[in-house]
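These notes concern the structure reproduced below.
So that you can tell them apart, the chains are marked A, B, C and D in the order they are listed, and the count of residues begins at 1 in each.
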């Protein structure tokens, strides 16, 4: 794991440490050069909750020929040149940032506002959403792990997009605070975040073209409005997608469409009623509930994930498994999707607020 | 104040206790008949944070001829017959629940699923949104205080509705937990609400026809999708409104439209950037930010209020002032709307989460 | 698992479902007899986050002769007569409530204010703190699983108690909200718990005699003041123990005393600095930091656990393993205690608040 | 207000803006010299929730001869030399940091680890706890506003200290996060603070000698152990004080002692049962509950304040009023202490957690 001190990197390190089919050979960080430098420390000394008894090293100290694969958890922009170096050394690479999520270098440079450092690798890179790219991911050399919002949004909308049912769509996304990273000045402070909520990052949040790109490859090229909001909780993400349908679809057909789409998936779960983020925290599962307005003029699809797991670290491990041709779910999460057991609405679904 | 133990009722009692132009002559509650009965206790003994040194009585113990006005904070359905009694005794009535928010008894009975107990009063009742009904509210005998979501939603969308700019609209609403009331089995528990979020109450939340009704009177009768969400904070509400516009409107024109609409209002504030609920907690202010997508194909309007204040108690006091022809803002809140000081985006607006 | 709908019972069910050496043969609940009855449902239908695909049954529907062991997660008072029935049927029983934590029936009846339903079982019952009772727990037929506060408090104070170092002790305990259970009217509401904190349950909290009992068996019979506080977080517990020492002890000797006491323990961890509850959430680990005032006149010992895990469900599984002579840590938690790696203070220990 | 961007400074500015007897003539901040500099902006542009329509200036831009008084809200160490300058210009000064809380320069330099910049002012400075220093504060030229923990701790313990009842005392203090300030790198991040708690700042927290100093002047010079903890809420502070009494005192005498001590105080309130921080949030009130263990061997005193109000800004305004010989409670808070109305325990006092 390169960059093991970030929120995603440290969780990848923990998952791989416990992974029965992978040996976590090295974790790296930047040497700050002073007395607080993490180099030489065990990861558990810095994050006791991860309890990984492996020492942090600098990347430069490693002999890359000894490694088979790497998960890169660098900030967007910094990962591309490292990925080139690792690929040249023959390693399989899963990149968790935004550097390998676009087939098209122009989209990247337009939305990220910086040149791409390794554009020649874009052709090789596979977008790491296993539910739609599984075959291409098997044995892949370079994988761009999806953003958290695109993961939930694309899983929520894909069945409708493939059917050509979307006339236009609004995605109102709500995320816990851990998306902002674990360290450094950028982390949202407690005061001003607790007991508060807000939209942020619009217009032009970087996940918007990523969602548009994936929906486009599934058949929808129309109007897409994406607005994320910051919610005062640690981890968990809810996307509420509002679709104006091209044609009417009945409630039963709508549910059948989703059941068919995800019947074979271990990490996508249809909910019997409105989902909550608590349902999926600390799992690799995306939980989805499609709903039709009584008048049939709007389809709402709600999806919840854990932004650090399925929206980050555990999906990276899922992709690594595919790339290394290991069992896809191994070491990813100890929870798998449950079937919808009945057609009645769950007791959890009764509205807790009636005002 | 009739029903002073609820979240809204107890706050109305506190506001009226401090109101320089009103004497809080009595507060009532139900006698539980056992050792825990609140009757005879000071309100501050039950809610120390309100510190109102007035004793709770039963409504039956009161001589109504001694009172000039009442704020009724009963559950929806229970208020109508009390309102009749109070009107017959000659009192001015502000009702905080849903019983007097619809001109039309059929809409009420359809959405609330119960017969209306005092339909003859509906004609007299005035909908208590001062920004649009000020003249009718002055001297009114019976006022239906708006729901929290309709307050924020209608203030957010009215300028567009009046211009005939809305082709269709999605309202994704997010509320703190206090909407569910302060007492009794219905209050959401800490476990399962904290570190969680969820959509709720759909399809057919009772605030939807109320919003539709008001937008209709402002000129918009089209498709409206309303979905509320429960967010883990005490009080505060954010509505994110997504409008597909009938025709294009420029950024400057959009802002001018809102500035003109609310220039004279003391309790509506245009934000220089994306608003947060912290901006308005414990005030009677609604803070609004309209925004146009770069492509001009979507207008997003964000509005924040405190659901217990502008969405409940302080707006009830504002309406009571109008009905009694007192200064409108007296005793309502010690904060009033600030002007937008410049066209630059505030530092608070920088996105705190970049993932 | 008898009583699988409570906070501890449902977590025990999840842990046993994943336990490699145990077959989770049945989980029970009370039949409410109406449409909301949980009987016949999968546990995951009620608590999606547990994802246990086992159906709830009534206890009466079970043929007890088919079972080898049971974890009883009933409310205190209700467990004793069930335990008798299960013991008569030959099952090994781990009881998670307060019914089998006292050797002495008088202490129980005095502090719990009710007669004990199965006093003849008290002699057989073993107190389930493996760090001190391991030998007696191996093969035991009936185990009283400790309370959450006693678990942390006794682990924190035992090394001092055994050395005869305690002149008197104050235990200021702070717990997340999950201690109050997952269901029913007793669960603390969000409003009034969030953004709040309070002492509660004093004087005479039921965990006080349990702590006194255990410390007494370790050699300390003096003055003990125990005050719990309710803190606005889901799960996690911190006990801050303030000891007036009988004689002075140096900093190095103090640490050596604790290192020696717990060197061989898999689930007790010495912290390099002040611990936090985040360090141990969702683990079976107790993390301890002893500290001496500069003047040597006070020893403070801080200990953190997860009240639902080491303070409840995972310790119950640890005890079940011992009773069934399975490997002690199997299925208990995927984290084990890390060694203190160095004598320097961790970066996490820098005070975040300086006011 | 000098230093109006901090948590205390901005709240002092808001309180003085609304103060009927004071004109808020200027608020200052540091010029960062770049595009984000606050200089020239209204305070409400930076903190919308304060809504103070006064522009920030640099201190250097002010003509000090135009001012009568100043509240200094600088970091400890930086305030002393400014105070000298202001005193030389003839202003009355209330200093909110630690620079003028000690009569003794050695204690300051020992605990704060830096030389005092204006030691000649220490003799003039009055410690700003009005309940015990009211006479000296009237007309004072320089006031050291107390720390938040000392405010609550001294109010909690003074009645016992004056009676000579304390043999030794442990103060376990718990604070919301706002103590750490509103801006800058030192503010605790959301992740790692939410869903967590921890002791911090020990041994040798700077508030310890301040508490010892004040208790000493009230008659107690013995052993004092002070340990603060960081709790995940915005604002509010609870001190739990555990006293080993010199001699036994009955429950009724204990309560009488406290009632007598604070009967005339507007901002100290005896609680009918265990207090919570919610009882006092956004007020200048300290709420206290003394309690005797059944055996009489320990007295526990619980006190709650709002760390930003009575523990900071509103107490500074109270002190300013005294210094300027204005009515003491004017502009301080719109809540005053309520009497204990009866001897029965309030319903709020029932333990919400029974585990």
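A few points about this structure:
The working rule: contacts are C-beta pairs under 8 Å (C-beta built on N, C-alpha and C of every residue); 3 or more make two chains touch, one makes a residue touch a chain.
Bear in mind that the values here come from a model prediction, so they are computed numbers and not experimental data.
In this assembly, D is the chain whose CA centroid lies farthest from the centroid of chain A. Chain pairs B-C and A-C differ in how many C-beta pairs are in contact, and the one with more is A-C.
Here the spacing of chain A and chain C, counted between their Cα centres, is 35 Å. Taking each chain's centre as the mean of its C-alpha atoms, chain B lies 45 Å from chain C. Residues of chain B in contact with two or more other chains: 177, 180, 188, 192-195, 232-234, 275-276, 278, 281. If you sketch which chains touch which, every chain touches every other chain without exception.
Residues of chain C that touch chain A in their complex: 18, 36, 41-42, 44-46, 48-49, 51, 53, 195, 271-272, 275-276, 278-283, 287, 334-336, 338, 341-342, 346-348.
Residues 7, 177-178, 180, 182, 185, 187-195, 232-234 of chain D are the ones touching chain A in the complex. The touching residues of chain B, counted against chain A in their complex, run 147-148, 168, 170, 172, 174-175, 177, 179-181, 186, 188, 192-206, 223, 225, 227-234, 236, 238, 240, 242, 244, 274-278, 281, 291, 293-294, 297-298, 300, 302, 307, 351-355.
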